[in-house]
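This report refers to the structure that appears directly beneath it.
Letters A, B, C and D mark the chains as written, and numbering starts fresh at 1 in each.
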């Protein structure tokens, strides 16, 4: 019976879901047992049309739908539907809300909304994924962190607060669910992820050759690769927190 | 002109505000310059009647009022009133919301309310205190943390998430406001605070002699003493995070 | 041309080197390009006779020799010889010295020796591996940590001091060598590793069924697997510190 | 009966001992009970002639002598002599060895010597102070850390390794000795300390007005003040680690 994989992403890292499939896709190519594993994806706004086509062309199966991850009922029905289709094996949460404001200019609305997107919705997704996985005694719940998960930098009161909060949810879930054979992990991406916007900023800051070495940015495929490494870990040696950065990054 | 001190506390650590005054009170006894400094206090529910009497009997001045610290307009008017009375010099935030639930039993309502009490209201208090202090180029904003500020333990998804989030607010505020001469600090109390409820649990767990050494619990006066130490620091050697525990505590 | 892999281990985790080869060995079975990669191993005392036989029987190539890793000249000649045989691609340092003494009973001889074994020799190995790798602009240097790398527990003044020190060496090396395309990582094993001695202690503490689930201990093969995951990371997403523990471990 | 205080410092922070006395000195002025407390000091090279004169002129008592803090017998006899003179109440360890070398240029001699000065000698001082304090069931042992206690920066393999190691000694000692009523603390100075050399560098980097605000550097007196704060803490609320930095410092 096929197992289900779910990604709850957002449009700010639009490129990610597309690439996230890559390692799973490679695996499909090699491993007939795993072929045709269904993947459910959801994002806050646009559907993943190109992704859907690519997966289907490769002989895979994918279901994409729009989701407001801050709504408890929507999260419950999304995960429940996915689980009915194929028992939930992996749930990846990757909703971001990176903003920077001086503290005096951080409105209560911004503070609350950033928390709802980056922390509260992660709690909902993690809790509901656990609820589906626990009766079967296995599963993987992966949360996505950032530099701001560990550091409340100047101007990041809202974003770091939400990211710190999400990390605490992940820790508590890992300590509670790990002994029940559910691997909860927190991937910290200590770098900008390669998007058009980040590329433009690099060129402005570092000149026209700034992008000559693509490995100096974090490609979405490397984020996906990192989830894949976490997924492959034997349960005798699980990692809770995996921090990744490009080889040339200052830290 | 007298300077103002404000405490935003809650009723779960009912004993705290009473004791918080102690070091200030001692100072009053010694130091005539500082006598009669006004202190404003606010808490979520009951007024601080015994405290008010004690301070007034000692010749001090105190104003207590009820506050829902989760309401932006109430926080603004409370701090604004205090500041009109005497320019705000110290703002201590100590609203807690310590709960423990398995993650599946953590309702979205609990998760949200704990965050509103322990994190969001701290953001509001810190931001508004900063707004009043910045034009005068000085001030002290102290947030209160707990063991759960650093560790997302099993059953603490809600509480640790809020406490992690508050710590991030404090860090971001410290990095932004420190160079503007406002001392932002985060006091981590790595221990139960001595209340009737904690005493009963100790006796049940450790037997009738469990309370023979009062220094094995954290007395509210020691929390107050720790704020006092932070307050006394020269700006050439400020501490952001101060972790305290009783001498016999395991850590 | 084959690339060289080196392990500097010790006899206290006697089983490790044997298993370390497993992922490389599996790879050999799959991937003819990588077949017959030479592996050099060194340990403080006994030679790895059984390991050598196993690898050679599998059609691999291995060279084992005895080494006092605290002697600069021996480390230089060991790594130099290995590099002449095949350019050094991976250097894993895994010398331990886990002891527990009350601080008053920690002799200066013990304190110094533990440091020499667990920290100083790691510095030597890392520095000399880097010296060989830098001219070729690539390589992997992996250090092995323990719970005591992050926590100075009671009775661990000597061991934790050495392990903290090794972690600092790894951090400094990672920050300096990462931008030069050398992946330096620090693997923290937050668990006892499965050896006969640990098994006996588990049975004494938890009863005859304590070992029924082998995944509750850290098998040496899982340590090896973790190094393998680090080795596989794309340089656009390197991890410096990887902490691993069995799924049922308290943390 | 007077209680004894000991400082084991070095000449690189030559100004420190002088200032360390200041808070004790102020206390002397106020508090006749504490007047004339003897203070023993030791440093690696020069005697503290000016300091001795200042203290004696103020009516205090001080004994200074030269010490190689890396020699177990010298540490034992120094602390033993001090304790005979007046029972040891406070022992402050502040030997530094801040060097920066690329890892390939870090000789084994430098690596070892930095460790002996900044870590090994701290272990000796802490252990021997504990040995004298334990029978009396009280005391204070304070170690001095730096930014490199928490971060192995590029070029700091030797220094950070020693400072990490000292921190582990302090942690292990605190966990073991705390419940026995000995306050062990680790003061992290996250800043350059104000010395002639640092002043020159600031002027070169920031121009002639760089020193206009003395609070942007860490004056030795603020280091002393921080020890004083630690010393004043009630045992119901001890801090293990105190990190200090000037208000304008980036972190």
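Criterion: contacts are C-beta pairs under 8 Å (C-beta built on N, C-alpha and C of every residue); 3 or more make two chains touch, one makes a residue touch a chain.
Everything numeric here is computed off the predicted structure, so don't read it as measured data.
Computed from the mean C-alpha positions, the centre of chain A lies at a distance of 31 Å from the centre of chain C. Once the centre of each chain is set as its mean CA position, chain B and chain C turn out to be 46 Å apart.
Centroid to centroid, with C-alpha atoms defining each point, chain A and chain B lie 35 Å apart. Chain contacts: chain D has residues 175 touching two or more partner chains.
Chain contact topology: the protein chains form a single closed ring, every chain touching exactly two others.
A complete list of chain pairs in contact reads A-B, A-C, B-D, C-D. Here chain B touches chain A in the complex through residues 72, 102-104, 106, 108, 111-112, 115, 119-120, 123-124, 126-127, 130-131, 134, 148, 151-157, 160-177, going by the rule given at the top. Chain D makes touch with chain B in their complex at residues 175, 178-179, 181, 183, 214-219, 222-223, 225-226, 229, 232-249, 251.
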